[in-house]
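When the chains are written out, they are named A, B, C and D in that same order, and each has its own residue count from 1.
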Amino acid sequence: MPITTEDTVRWLHQLAQVLHENRDYLTQLDSAIGDADHGINMDRGFKAVMEKLPAVEQMDIGSILKTVGTTLVSTVGGASGPLYGTAFLRAGIATAGKHELYESDVVTMLEAALEGIKARGKARPGEKTMVDALTPALAAAKDAEAQHLGLAELLHRATGAAENGMRATIPMLATKGRASYLGERSIGHQDPGATSSWLILKTLFQSFNP
Amino acid sequence: MPITTEDTVRWLHQLAQVLHENRDYLTQLDSAIGDADHGINMDRGFKAVMEKLPAVEQMDIGSILKTVGTTLVSTVGGASGPLYGTAFLRAGIATAGKHELYESDVVTMLEAALEGIKARGKARPGEKTMVDALTPALAAAKDAEAQHLGLAELLHRATGAAENGMRATIPMLATKGRASYLGERSIGHQDPGATSSWLILKTLFQSFNP
Amino acid sequence: MKKLINRVEDAVKEELAGMQALHPELLRVDFENQIVVRADAPVRGKVGVISGGGSGHEPMHGGFVGRGMLDAACPGEVFTSPVPDQMLAATRAVNGGSGVLHIVKNYTGDVLNFEMAAELAGAEGIEVESIVTNDDVAVQDSLYTAGRRGVGVTVLLEKIVGGFAETGAPLADVAALARKVNDQGRSMGMALTSCVVPAAGKPTFELGEDEMEIGIGIHGEPGRRRVKLAPASEITEMLAMPIIEDLGLKSGERVLAFVNGMGGTPLIELYIVANELAKILRGRDITIARSLIGNYITSLEMAGCSITLLRLNDELIRYWDAPVHTPALRWGV
Amino acid sequence: MKKLINRVEDAVKEELAGMQALHPELLRVDFENQIVVRADAPVRGKVGVISGGGSGHEPMHGGFVGRGMLDAACPGEVFTSPVPDQMLAATRAVNGGSGVLHIVKNYTGDVLNFEMAAELAGAEGIEVESIVTNDDVAVQDSLYTAGRRGVGVTVLLEKIVGGFAETGAPLADVAALARKVNDQGRSMGMALTSCVVPAAGKPTFELGEDEMEIGIGIHGEPGRRRVKLAPASEITEMLAMPIIEDLGLKSGERVLAFVNGMGGTPLIELYIVANELAKILRGRDITIARSLIGNYITSLEMAGCSITLLRLNDELIRYWDAPVHTPALRWGV
């Protein structure tokens, strides 16, 4: 069975919750190689999303995700604001008019989101950014779809791949974003944005399949 | 036997030494109720005295003490500079032309010094200042002289009285100098200037009678 | 955390209210859009000059709003770049019909948000040019990285370009001068302590009693390397030499020397650094033709300093000397 | 101790060398006498205005030397008042034939040393008047004590009186205006942290993470009382109310509001305090006609602030607005 509008709304509610709980953790990660605000930024952004959500939760999934995107752009700031904002906007456009998302829709949505992030941020895999969590996640989703493993398994594998991608950022030398200013010193730390990307997917999986 | 020019010079050498050794102690006392510089000020002043001394150490005691006074005025700054400077200037005037100081000369010298400090600083006994160490010291010197106890005993008693006077500043509420800004909080701390006054007399006694 | 604040989440808004209360003749605060706008904006026929960035760098940028410098500033949350909505609102508020220059410090966040704002303004038919400052020699520049950070030169650029914009010069020329200034300036900074982001509540990094960070940015982030504490003479050398080399300063040239405090370092120490810098420049027969010293681009209460050198020519000197009237910089008026 | 210095004993001299290097057009440093003198001193027919005090309060006083403010400053060692020799040399250097005003902050050390200097100058036939500032309401005033400390008002007084002296007014009038300014101003300060006197090497006092000192002076000394940390609104109340009461400010009056940083507090916090102060004054229908905000009379790197209110009339406003050109204050030129 597909992801419904209700699933989407539940996901966003739980995500706001999860990001609030991980506020200090994400900020802590950002202290090591950034400016100690990633958790604060994401929490602020999704608090705002919670305020906007009631007005659109009866609409199609595309409209909901577009609202999330514009809200993040308008409230998060920093690098993650435009990046996640663009990601949700593109995801919304990719799912415009839909009230149910099947495997192929989810793949299209993830692909659109990742493309949006890359278009904005010009980061490629291996630069120690959120791209390093989302790229393997998309790949895993794609071949789960090819193998017709079902939506739950698709989301489960995408989440797992994102987690591995997140861990893989630890030994990376950052060449994009604030962490790049640390040069060699960025090595040995997990990227905050890759971590929030993993949380977003993990929560999607859990809210779809509680 | 009297205090000679040699005694005077030895006294000043030892005093420079003693004040250097007590630099941090006096500064510590000044941290509690002042601005943490009394030891630094006194040490700077007597280092300068050591440089000026060779030029005058063949002269009479009055000239030597006047040189000490002008040097302190020119190098110490703060409250203690003009106060001790004036004290040594007046002591020098009181001993002008003398190469030997007997009991009565010492009393006259101490009295002139204390009068100088009071004239400059307008402090009366009980205000938690150097005056509280020097006033009893002068009194003790006076009656040691009246009893003809000899110079050594005179200096010994003056030093003891200064020490008691110094300790007596602990429970006092400061009404003069920086410590007065603390109001009630000045109570319970020993006055740095009273302490340096005691050191000055103690060293005079020791250098005269090693 | 010891700060003179009320609720953490109100800090920036209350700061802006304080600016409005003390400088009504210079600026007005649009609280809804969280922007600081020059009192008489938009100035007809003048290119609007705006900048923005995270808060915590005061007086930059809000303290530079006024005649002869910025027409508007967009303060984000502490160390977080503002959002496109603020920049768009500021762009509208200062557009006097001759277009608007966006002065952007090179940080991914600032660049991306200003980019989106410029797209939106463009869509509204407002002509926008952007200059991205990237003067920090602590960071290796390269096509494949985020590139150098924008730091001290941003302050000098806002003054010089703001002064030029007052002459009514067209947007293309204003943007061209901005690029010139950015090309001619380099900076490097160091920290003796970290700082506490109010919302984080604890120091961004820990530093030993005998350690310092060389090559820091302005967001409390650690620097390129951590080294043992050294005398001011050596520290100044560590900051000044890479700047002089990267700029290729030659004997006989004139510079503007900018000794900047990071927020928690007293002026007595900045002048000691200035003295060391002057010795280094004198030794190379480089003249300090203009100077600026004090806390102008800061990291909250961080202790430390940065040095910026800007190669001067008569044109830059003319607009540096031009009248300016802002809360933080004022002369000639 | 983490400071941007070389040898502790050279700090003040090197600071002065830095000032000379950056501000040759404004001032010259006489290193032998350790004084900072206005570049064009003595100004014929103008009353010379000098001040002095311990170092560690920068920009006060050296940063206020220049046209429209001080003719000379005498910096002592850190937190130690200068010696009569310096004050005498400064008095001679700025005497343009119309006499010299000594601006003295009320601290025993400053008062006694300036007293001796005035005696010596008088003996040389130089006419000297002295004004002793004593605006700190944290200290009870009384005939039998050292009396109130001189703090924030000193900065405002040096500007206003310096501006008036430029008109060529006679010494008696200059001194009279100085007394007026001192009478119309009051201050109070607080500290979130202590500071480290370089020669002492450790903090003058220890303060808990949740404590602050209310009623401090400017020498790192503890204040009148130690209390629990409080929001900026309450702190501002604690500082402003005693000032307003002591000055007897009434509805409809105009003031100059001076929010001063102690050295280690960032501007964002000072503006938050300014906002609270503005609310308090607005509530009493007292107008902020002029303002000054920033680090002007400091205690090295101490974190904290002080508030000064000066009751204004047209005369004081005229000379506050008069042109001034010094390293730390500049406008109208």
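Rule of thumb we're sticking to: contacts are C-beta pairs under 8 Å (C-beta built on N, C-alpha and C of every residue); 3 or more make two chains touch, one makes a residue touch a chain.
Remember, it's a predicted structure, so these values are computed and weren't measured experimentally.
Path length between chain A and chain D in the touching-chain graph (shortest route): 2. Removal of chain D from consideration leaves the following touching groups: A, C | B. With each centre defined as the average position of its C-alpha atoms, the distance from chain B to chain C rounds to 55 Å. Between chain C and chain D, the centres computed from C-alpha atoms are 29 Å apart. Taking the mean of the C-alpha atoms as each chain's centre, chain B and chain D sit 32 Å apart.
Counting only residues that touch two or more partner chains, chain D has 78. Taken together, the touching pairs link the chains end to end in a line with two free ends.
This structure has the following touching chain pairs: A-C, B-D, C-D. Interface residues of chain C, counted against chain D in their complex, comprise 2-7, 11-12, 14-19, 21-23, 55-56, 58-59, 63, 78, 192-193, 209, 212, 229, 231-233, 235, 257, 259, 263-275, 278, 288, 291, 293, 295, 298, 300-301, 303-305, 325, 327, 330-333. Contact residues of chain B toward chain D in the complex are 27, 31-37, 40-41, 44, 73-83, 120-121, 175-178, 180-183, 185. Residues of chain C touching chain A in their complex: 54, 76-85, 107-109, 112-113, 115-116, 138-140, 144-146, 149, 197, 199-200, 204-205, 217, 219-222, 224-225.
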